[in-house]
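Residue numbering begins at 1 within each chain, and the chains themselves are lettered A, B, C, D, E and F in the order written.
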């Protein structure tokens, strides 16, 4: 049943992120991308299936049973994804600041048109 | 792991990484020293790439198991003919861009040399890796470096275009992650060869999920490759970028093509069970629409930089449609075409900067203040040196421009013609010719005509119609890389047979994934 | 909770009570955040969770893990210590910001001041 | 020595933090902890903090106990207010308290105490007038509050951080 | 000399000469001419040297592998027909070079001229000698290119530019058609080899692809030979220097079209389609060109239309499906080349010596330049078909053929002789116009220059050509006879008919037609005198549609306006539509497999839902939706709400056994919040716009679409996630990691062992990304320029006194500073334990960066930098280098990059320590992350203090 | 009802309480009305989350989650303090 909650969470985060992504203001876009990356991170973890109380930390010396642990590989992937996502957020932020400074507006197309 | 040749596959990744890191330790103002390091490193990279291509061509596919972990558990680098060829192409373009930038671009903003090295690292990694998630990492790496290079020297146009570029590619990266993780969820592996093995054995009830994963992954690749309608960011971003950056970008879209080619043939090749050929139609029709759109864009472009950008779309469309045809002969021709069009567009981007220098040097560079940040470094001033006006500069530029135009329009004597011929001959050489092949024949022809019209228009305007002939001040080091690229093109015409033999072998390898799988996973 | 099968009843009881009390305090604090009328009043409520609520739960954790691992497990106390040390930073800045914003916006809420208006 | 170990108390505390974090008193951790504690204290020194002599640890312990009791008491009091927020006698408001305490460390500790006890919040300090402003959830008798702050906390703080 | 050497010499010589010519100095007029002349002469001699073999019936060959994979070899092949053309190309080329030496002014940059001319000659020879159709197209396109460059030689002249561009577009479009046609022929025959294709006429005729192939090939030929309706480029190409016109537009390039038709005659002709297409095009062109030529006032324009007409004549002959007509066609090709080249040169001499080519201004030149005038008169007479000149002979053959044509449409067959006579009259008329207009009548008035005879050697080429006209005209069988014979035989092979090259065939119908045409033409010219004297530009009876303006308009419409509006419709330069496309395509791509085969939901045994988790996600979703709602006008609120959603995500990681993720997510969350806060200051104030019904309605369709897309994306991803989560796990490679993490990776935290060991390569790439981004950010911020209204300090700061602020910050500063060493300890703790428990280099680095940024927050940039001397860029470099060096260390143990190894160190007191290389790698990660994060944050913080120093934008 | 069951139920109830507490904070977070309210609510959310993680660790008997709690405890304030400073000064770093 927890699966349904997580699926819903992924869905709502994705929908919110997608909506914001399609908005015209740079700040909306960056928030949208943040929400989308939460959704994607959850999605990747979900791809390893959900397990409670199964942190992939083995006991030194014992022979571990892989089935008793949550899948560590998606977790490692998410870690990489988080780091890269962080870097990209920083870059995007600075680019949108620079765009704002150079074009005088925070519209994604660098135009002053408020109607869009 | 006994001889140094065994380590060759990792050199194209590690060498630029070390160089880039080293360059970060060198003081910002020591331009000559940095240039020296970069040039030496690129020479080494060229040597390594040559060695790799010779070794791969002579013996067999190199599989390099990083961390000494066996595949499919650890990450492997797989240097086959295709990968080696792409690596060599990267090194060549890198050398051209570097030499060109030494004239002045490397001083238009901080750390350009390092960014270029990281770009090379990312590209080489992407071409060499045999692991899907590692491919993602290298995609991000070269994208990150390309963002840096696209923004190099700042300015309104660059920032605006880069904003679009970055946002679209960030979305594509998210799709990449979704695709990769979905494939992992269904198939349980990230190694491409292993994935290819398991693809055939996917349970019927899981197959839809597997295909969804692949489809989403493909979208991520196609955004980079520049398939319509995912490609609108491309011409404007590349047009805004500094010339050497744009010259490197000519190969960025080819990474998307490469990824599609590699993964599609591995996962959905003829031997991959129920999903064989999945998405071929999408590739073909998408490619054809892209081809048409690129041709229209070429015609509709006022600035040469946009002509170049849309030419990239033309080549992307051509390649995608060719890949979708799913025949080794066509793929071989497509690979030849890929090399040619990359060299051509790259040379054109470099050239445009020189021929449009009539606005006076440094105009683009000085778009923003030279205000310094922090106290550690002084702002590198964009240098207003105007170079030696070499005699006959205009003639040389005109000749180079003509050569680029011939390349892009697919006219003789440059290899664009042979590439186009090979593609069409391969398409028409099949036993039965698909309707899409006829459409492609038509579109390719029209695209060639569009290129002639657009480049003719631009060339006449630039070289013939200027009333007071402004002799641009051009330095030999700026001409040299263009000449290098064009000389390579001529060599590709003269040595067409040998090159085509190589790409044909590469295509055959791609179309028989069993061999690839056996190299990567010898136990299975 | 299979890992706690051999925990003594008394420890279990103490832990349970501590956890419940701590969680209840945190809940009441958060309810206060919701129910109190002005910002200055609301500032007070969450500190129930940040101090005693958190403290009780951390003690419960300390007890539980010390019993489970048969040795003093104290590292939860670090959380308590550093929470106490760092919470004022946010609160000081936040209340000052609220007062500044009140001045600039001219928002005079129904706060009585015993000795003159805030500066 | 002063240069090598400018903040011995801090270094010791950080060493303890290290040990607690690692939940180990093995020799290796001791050595590593001492090294890291010293290094971190040196890092602190780089920030050029004001000298903070600390005296009378006994008083400090006493203060801690008093604060603990006050936290429990005020938690209960605030809990009651949250449950009945509209009780007629309650009167929230700001309160100015003149302070003798000047040491930054002392003021910081006072801030921690005031923040940690629900019902009181630090609302500002004026160094020129040496007046502390608090916001109090249930003001009641203002003088009593001033007395509490000055007698229970400030007196002891003055002893600890002269 | 062996064939191969001869042929290769013949082909390479002009190109080599071209390259040398390009390198000569600008003013080396004589050297250029000598070089070009020598090249042409040698080439001509080589051609002559080939004749003995050719006349013996051998076909000279040279082969070289080119693209064997696609059946393409580089094959030179010289048969009689090729020989004849090679002779024309080199012979006339030589004469043109000689002529050009005198024609070109000393001011002209002749290296370019001679270089292009020689390259053109090479390309012509390439076409003529091609033994493979693809190779033929290859050189064909080259001739287009060099003719473009030659026409545009005087590019300061707008007419030259436009003429060149038009010629380029039309001829290369034709070239592209030809390429496709040739490809089709290749598909039909299975080879591009000329000999095999020529032998496969029946196969080609039978193929369903015959008609498209024919049309495409003919399109190539017609465009090149300026045949209707592609004729209009040729008159505009007259902007070229006259030697170019003489060479390209009479003797050589325009002949390529008819050359091709003749070359492929055995393979393609013989069908009704051939007659219809080729014959009709030729007929229309023949008449039309001749008629329009009469009314040209420019000597070169007249010659151009005359050329069009004569090429039309040749095309008709080729299109008649009659071998005898083909013979006539080949004969006329040669004849036309000789008289037309000499006429062009004559026109050039007039232009050169008088300064104009306008017939209306010229007159009576025969008295000023009698020799030149005589030569021109003879050549023009040949053009008109006067007996005893070569033009007469081939025209007679045409008249004879016109009389017994057997085409598919009897009406046309019967009309053809009359049409031929009419067109013959026209050609007499324009020839008369040329002669009478320029050389006779009163002395010219007001010419730019006083006319006189040209230099001796400038006239020499004309003399030679005119001599040829006469010689062939009088003694055809003894002059052109043998050469024509080998040419005809090599084209027609066994189908070669009996033909006779006599001057006199008795009084017959063709002769009568000739005289009729001559007389009629003279009468026509007399009748037109009045009209021509008025100097009207327009051509009578021709509708005002000028092909050139039509072409220009079509070109602008298609290639510019149309393309632009299409590009606007199909593309966009705005971000939102692009992103919409990406989302749409992603949804479609993901739905496609589901549409094809459905989506199975395997049902796992349902556990009970976790109430707390559900509540947590109620919180998370509320925050996400709140962020959506607030992001437009309340950025801070949106940021805070996003933080809430991030926290829910982080707790979910805790819930589902991913402690490392929770930790990392938290730290990234904190740093990102600070980062965005640092940026918020530079964004413009947002005030909600006036809400109106109209605005809402306008936005409604767009927003509905976006809403649908958002819901579609969300629902799609949720469904896929659910479908995956509810099915049993695949047999994954992870088991390997879990079982080997400790024994082989040396760590108990499997995730960390994956990161630094199993997949350390990923991590290396990932930290490089971080470093690169930091560098990019730093570079961009170095040139950051804030918007004008963001430059002044924020309102809050202006409203506050410094002292009050210092009091406000005093206590937070104290605590934040005190936290510095504590957080450092925490960071090191996270670093050291990462291999076994949650933590690791990345988390530790972020923690360390937070410690640093806290100090910046507490005291400001200047305060912090006075105390902490950070060199973030250097840290990034060091971090990368050390991580990389750790990986490369394995090389010394002959292991692959990144192979982990443990250093076992025995220390006093501590005993044996083992330090895995993965840990050293992690330290590199740590250093880099500290550097990169700090660089980004600090670079951003610096903008505040920089902004005040900036001059207003 | 054994001691273990008691503890288990207590932990479940505590988790629920904390989740409810987070919900309350979220309502304030969404409603505002002013930025300071939202920052305060976020701070509360952080603390509640930290306590929830500790309780979660108790439920699993695992100290793997301790670091997450510790990081919130020691560094969570950085985000909210930055927000507060932004409110106070209009800039986080001057």
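One rule holds in what follows: a contact is a pair of C-beta atoms (placed from the backbone, for glycine too) under 8 Å apart; a residue touches a chain by one contact, two chains touch by 3 or more.
Here the structure is a predicted model, which means the values were calculated and not measured.
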Set of chains adjacent to chain A and to chain F: E
Intersection of contact partners for chain A and chain B: E
Selected pair, greater C-beta contact count between C-D and B-E: B-E
Inter-chain centre distance, chain D versus chain E - centres from mean C-alpha coordinates, in Å: 74
For chain A paired with chain E, centre-to-centre distance based on mean C-alpha positions, whole Å: 41
Centre-to-centre distance between chain F and chain C (centres being mean Cα positions), rounded to whole Å: 9
Interchain centroid distance [CA atoms averaged], chain B/chain C, Å: 56
Interface hub residues of chain E, defined as touching at least two other chains: 573, 575, 579, 583, 639, 655, 659, 717, 724, 729, 732-734, 737, 759, 762, 766, 769, 773, 776, 780-781, 783-785, 795-796, 800, 804, 808, 811-812, 815-816, 818-819, 822, 826, 837-838, 939-940
Touching two or more other chains - residues of chain C: 29, 31, 43, 50, 53, 73, 75, 78, 82, 85-89, 92-93, 96, 100, 119
Shared-contact residues (touching 2 or more other chains) in chain F: 15, 18, 20, 22, 27, 35, 39, 41, 59-60, 62, 64-65, 70, 74, 81, 85, 87-88
Which pairs of chains touch, using the document's own definition: A-B, A-E, A-F, B-E, C-D, C-E, C-F, D-E, E-F
Chain A-facing residues of chain B, complex: 133, 137, 140, 144, 147, 151, 154-156, 159-160, 162-164, 166-167, 170-171, 173-174, 177-178, 180-182, 184-185, 190, 368
Of chain A, residues touching chain B in the complex: 21, 26, 29, 33, 36-37, 40, 43-44, 47-48, 73-74, 77, 80-81, 84, 87-88, 91-92, 95-96, 98-99, 102-103, 108-110
Touching residues (chain side chain D, partner chain E) in the complex: 10, 14, 17-18, 21-22, 27-28, 31-32, 36-37, 39-41, 43-44, 46-49, 104-105, 107-108, 111-112, 122, 124-128
Interfacial residue positions of chain F with respect to chain E in the complex: 12, 15-16, 18-20, 22-23, 26-27, 29-30, 32, 35, 38-39, 41-42, 45-46, 49, 52-53, 56, 64-65, 67-68, 70-72, 74-76, 78-79, 81-83, 85-94
Chain C to chain E touching residues, read off their complex: 82, 85-86, 88-89, 92-93, 96, 100, 103-104, 119
